[in-house]
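One structure is given below, encoded as structure tokens.
We just call them A, B, C, D, E and F in the order they show up, numbering each chain from 1.
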Amino acid sequence: MRIVVANVNTTGSVTEAIRQQAVKAAAPGTEIVAVTPEFGPASVECNFESYLSAVAVMDRLQAVEAPFDAVVLAGFGEHGKEGVAELLDKPVVDITEAAAHMACLLGRRFSVVTSLKRTRGQIHDRLQLIGLASRCASVRATEMTVLDLEDDLERTGERVVEEVTWAVEADGADVICLGCAGMAGVAEGVQAEVGVPVVDGVTAGVALAESLVRLGLSTSKVGSWAPPPPKTITGWPISRR
Amino acid sequence: MRIVVANVNTTGSVTEAIRQQAVKAAAPGTEIVAVTPEFGPASVECNFESYLSAVAVMDRLQAVEAPFDAVVLAGFGEHGKEGVAELLDKPVVDITEAAAHMACLLGRRFSVVTSLKRTRGQIHDRLQLIGLASRCASVRATEMTVLDLEDDLERTGERVVEEVTWAVEADGADVICLGCAGMAGVAEGVQAEVGVPVVDGVTAGVALAESLVRLGLSTSKVGSWAPPPPKTITGWPISRR
Amino acid sequence: MRIVVANVNTTGSVTEAIRQQAVKAAAPGTEIVAVTPEFGPASVECNFESYLSAVAVMDRLQAVEAPFDAVVLAGFGEHGKEGVAELLDKPVVDITEAAAHMACLLGRRFSVVTSLKRTRGQIHDRLQLIGLASRCASVRATEMTVLDLEDDLERTGERVVEEVTWAVEADGADVICLGCAGMAGVAEGVQAEVGVPVVDGVTAGVALAESLVRLGLSTSKVGSWAPPPPKTITGWPISRR
Amino acid sequence: MRIVVANVNTTGSVTEAIRQQAVKAAAPGTEIVAVTPEFGPASVECNFESYLSAVAVMDRLQAVEAPFDAVVLAGFGEHGKEGVAELLDKPVVDITEAAAHMACLLGRRFSVVTSLKRTRGQIHDRLQLIGLASRCASVRATEMTVLDLEDDLERTGERVVEEVTWAVEADGADVICLGCAGMAGVAEGVQAEVGVPVVDGVTAGVALAESLVRLGLSTSKVGSWAPPPPKTITGWPISRR
Amino acid sequence: MRIVVANVNTTGSVTEAIRQQAVKAAAPGTEIVAVTPEFGPASVECNFESYLSAVAVMDRLQAVEAPFDAVVLAGFGEHGKEGVAELLDKPVVDITEAAAHMACLLGRRFSVVTSLKRTRGQIHDRLQLIGLASRCASVRATEMTVLDLEDDLERTGERVVEEVTWAVEADGADVICLGCAGMAGVAEGVQAEVGVPVVDGVTAGVALAESLVRLGLSTSKVGSWAPPPPKTITGWPISRR
Amino acid sequence: MRIVVANVNTTGSVTEAIRQQAVKAAAPGTEIVAVTPEFGPASVECNFESYLSAVAVMDRLQAVEAPFDAVVLAGFGEHGKEGVAELLDKPVVDITEAAAHMACLLGRRFSVVTSLKRTRGQIHDRLQLIGLASRCASVRATEMTVLDLEDDLERTGERVVEEVTWAVEADGADVICLGCAGMAGVAEGVQAEVGVPVVDGVTAGVALAESLVRLGLSTSKVGSWAPPPPKTITGWPISRR
């Protein structure tokens, strides 16, 4: 089985960190192919960047030549899942939904710990659309940028532990979702230190993608996510203009 | 006052139809500037196209050189408002929200009549995020494409009247929102024929944009829609690559 | 265009303050007619008073002889809109809905700052019925009475700034709605001081009423807000008994 | 124990029918005092009438001289409960809430069968505010007026049976609430014929009011429904002007 | 009239306390029969225990030989109501729903004060299913166990007063529901001390059960709560194995 | 890895069918242990049976002697998950949640096709508690009993295809969840015939349980689902009395 894991930003070191995380979660026999968009922001921390990166990921996926079995979209709280789901005839798993659905199996309420405060609303909107806002106790921010989170894992771990503690004590969370692909490296440490399940979206996404493939399930093509109707699209794909 | 009205597709005749509609609604002294994206789909009828056109609109707005006072995004049910709101320091009104908020002043429940069935879910999602799904009695589809709707206004009028009648009789709608910028030309005729208020998003959007400017109100910059943080963005704006 | 702005209490100085605010917002050529109910409370700060003033406003509007194009109901969080909408064949805009709908164009969540704590529940109920409770971050009270708010604008401004700051910092509000017609005078000052958009219901209501008139839209008469069925009504209108 | 049952319209025969229904439900030793407003509509079938009758009921209750222990407001889906609750220091039970809360004890979902279609939205709003809209399967209308319902009990029974059957078969209702005080006389017959529990608001209201009195419970005075603040109220009570 | 009040735990002194509370609330002529399950936990403080006690209560009710008119299930926030409702052809009132529905008549929002923090989620789930979560301001815990609450009424009273005060001041509650049958003894004292209505589920349950019987209403048998289909059930009733 | 799959009824042939389905879904190296409760109903089709079987499953799981890594509860729409989650320190996956969460990855809305109409409310309640009711387009019943569904797979397939077609055409479902463990055998056939993804809870549950084990995730023990407090429990486990 081959799973494409798409970083949503253009920073190669983040792609590599995501790839390693994905490999760790993959079953024997699963090949992970990590890709980086050809354009877009170095990190995604607002709606403008999120929309741009959604299109950049769609563009990048058009250029994947080798056959693959599923896609994992590795941007937490970002746009694009429905669009990619329309474009492909393979299962598409977004790490926001992957983490949130997995967390729901483990407790009554989960909290998300993410990068900047300004992204909390966007994350909440995604949770509302996938139906799981009522299971979400809170979205908490470390106020570290995406690139800082990935760069300084020690400080990341400390800040995440602080926010997780608040989430459990004050917000009533039973489970934590790491709200940024760049945080993946701290999941185990935080879980060990605080004693609550910590779900990382990338590993959850890989496991769910593998499950769908094994169960013979893929995106429904009868309704909202049917293939785009054939028509003139100027300048698409963008990276081949 | 100068208001930029952004068509979301690349079809010039649709831009012109939207422009005329906007001019009709504008107060004396308001100048309407209609723009067309430089890339993207000829019409927007699915999530993939919607995301792409959202970015194409953001790209196109970066290229507007003359000063303007507000922007109207003329794609019903499409993505992008939050991103444009971050990029600009002027009020940004999306015609989905414009039509829905206006409709709420006129009755207890509104229905949307749109182009293709497949877009209903996407429209419902936008209404849910802006909080007005509970005011929406139904989203009904004419099953005409966006370009057909704009092309054959007579048949458009007939189909809209049919669906409006169902919306009022079966779904309990008091008010109708036209769910496609290309339908704008039939609003008055339908309203006269069926006897329910028919809200067109483009005209509603222009009126709301003018109101915000006159009241000295613009997008909040303290929270979710603050300006994007400064950072490297590869290949942006796209049309200037 | 002539717009009737109805104060909901019997205090003439409040009517005059509302009138001035409305005039400021009106487009050139719009005439503002401010009216005061002939009976009811000197200020409206509870449900009993709100119901009484709703009827007093309906009564007062029956006595307006000159033709008019729209009505603005200038009581924040008060009852009556649906009843007035049934009685008249002109657009009716309530300042609660006007402020809330306008605020939604400017940010993700708004907070209301109002007079007394006890009125918060009533305001929340109105927001729930118009569908916008999910966009409301909080309803905060200055604990100043309606008449004190209108009387001592300096202290009003200080208290509003305090609560606005809490709303932004603690509740996650991006936008503020002033929750009392008597606060209108402080909108600009607070907006300048705190740097968040501050929406005053009276000016928003006038702008929306003008927009509806210009767009040829009025209350739907096919459903919930159809004219009252003809029947014997004892002692009505009350002021003509 | 003495319970005041307030008709919301000015039609004496409706007051008498409500009184008889209330007496039937009352425990031994409970005295029923039925009152009719001194002004307002002959029947209540829209929002304007509902607001007016709410105030007329408040006015009428001010004139009750003998001491009483609780009040039942006998208008289904009408406004006013919160206002009356503020004015009195005795328990106040509205028949909408009485019927809905009782119905919830008896099954998973209830339907309301009411008079005119146009009142359905108003009823739904009341259920939403008391929290029970999610327990409501449907609000169905007989399209008979309030006075016809009370006048022709045979036809009322037939029409109610028809709508109850639809509610059970098509809407998934387990329990029925009669949505008009004038329907009370058919409750037993319908229940016997269709075999589903039929809750009449007047009898439910009397039973709940008695229960509250016996348990020593009354309206909370600490929050939303505290007594109105002392102030000048012009022309109140209205019937004593 | 004979009402069976079922304790949900196996502790005889709790059954006796509940019985006394029920007797106090019962109308003249109502006989209270209090029963204790033959197996299960000494107190119910988690989901496992709640499920077990639900079945133990169903088992115990099968063994009640004398005819009875209604059942009150005296476990706050516990499972089982729908199952008992299916098994019996008499009204079944759960004290969670009894307290919550009664509280809704008395104010805009109620808070629950219960035993252990861990039970708050379970109580919230029950309120969500009965539709009243939106009326619930908060669920607060004394962090005293069920048996301690019943054992040391003085300390119980003190802790309840503390949490009630927080509920009113910080959470906006108008009314309090005692969230544990063992707390019943402190209702009057707390109400007197804090000045907010305090609803005890056992007394509310008895009053509602009596009301249903008197009004000739019982569980609907047409839908969700119809009698169980006839079939082989191994080892049932459990206590007769 | 060893996964215990618990049938919720006492019918051995159903356990065997579930076991085969689970084995089919299991990864190489995963051992499936299927267990049958020692008491309870031959099939579960109402709340009473569901509560009883929940306890019977808890009882049966206490008797599993060999170590295992996770549990799958194979009753669709049944009670018990939270109780089992408290009792065990391994991941517990209920097939209702497994199917629903998986379905959400594949489309915008799913429908459930189940056995008897009377179980629809119970299924809806479970979906509401796990947060996914808003993703559920409808719950449809074949009106075949659980044992008939498992017994006559051909007729089951036909009836499921009929209801799936309605779900897609009339209710707007993109994805189907089979709402009964006994239907598992028809999933592939229906998916092939109708062309929409069909999710079977047992296979979804096994895949999710394996994923959790592989990712090192288990039930949170800090909040709602902490281990039951130590205390006297009379007659437990029931099968060892």
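As a convention for this text, contacts are C-beta pairs under 8 Å (C-beta built on N, C-alpha and C of every residue); 3 or more make two chains touch, one makes a residue touch a chain.
This structure is a prediction, so every number in the text was calculated from the model and none was measured.
Novice: If you match contact pairs by residue number, which of D-E, C-D or A-F shares over half of them with A-B?
Specialist: C-D
Novice: For chain C versus chain D, which are copies of one sequence, does the interface use mostly the same residue numbers on each side, meaning over half shared, or is it different?
Specialist: same
Novice: Which chain has its C-alpha centroid at the greatest distance from the C-alpha centroid of chain A?
Specialist: That would be chain D.
Novice: Where the centres are mean C-alpha positions, what is the separation of chain B from chain D, in Å?
Specialist: Here chain B and chain D have centroids separated by 44 Å.
Novice: Centroid of chain C to centroid of chain F, CA atoms only: how many Å?
Specialist: About 52 Å, centre to centre.
Novice: Measuring centre to centre with CA averages, how many angstrom lie between chain B and chain C?
Specialist: 27
Novice: Find every residue in chain B that makes contact with two or more other chains and list them.
Specialist: 82, 108-109, 120-121, 172, 223-225
Novice: What part of chain B is in contact with chain A in the complex they form?
Specialist: Interface residues on the chain B side: 10, 38-43, 45-52, 54-55, 58, 79-80, 82-87, 116, 118, 120-122, 125, 128-129, 145, 223-226, 228-229, 231-236, 238, 241.
Novice: Can you check the complex and tell me which residues of chain D touch chain E?
Specialist: Where chain D meets chain E, its residues are 25, 27, 82, 91, 93, 97-98, 101-102, 104-109, 130-135, 168, 172-175, 188, 191, 195-197, 199, 203-204, 207-208, 210-212, 214-225.
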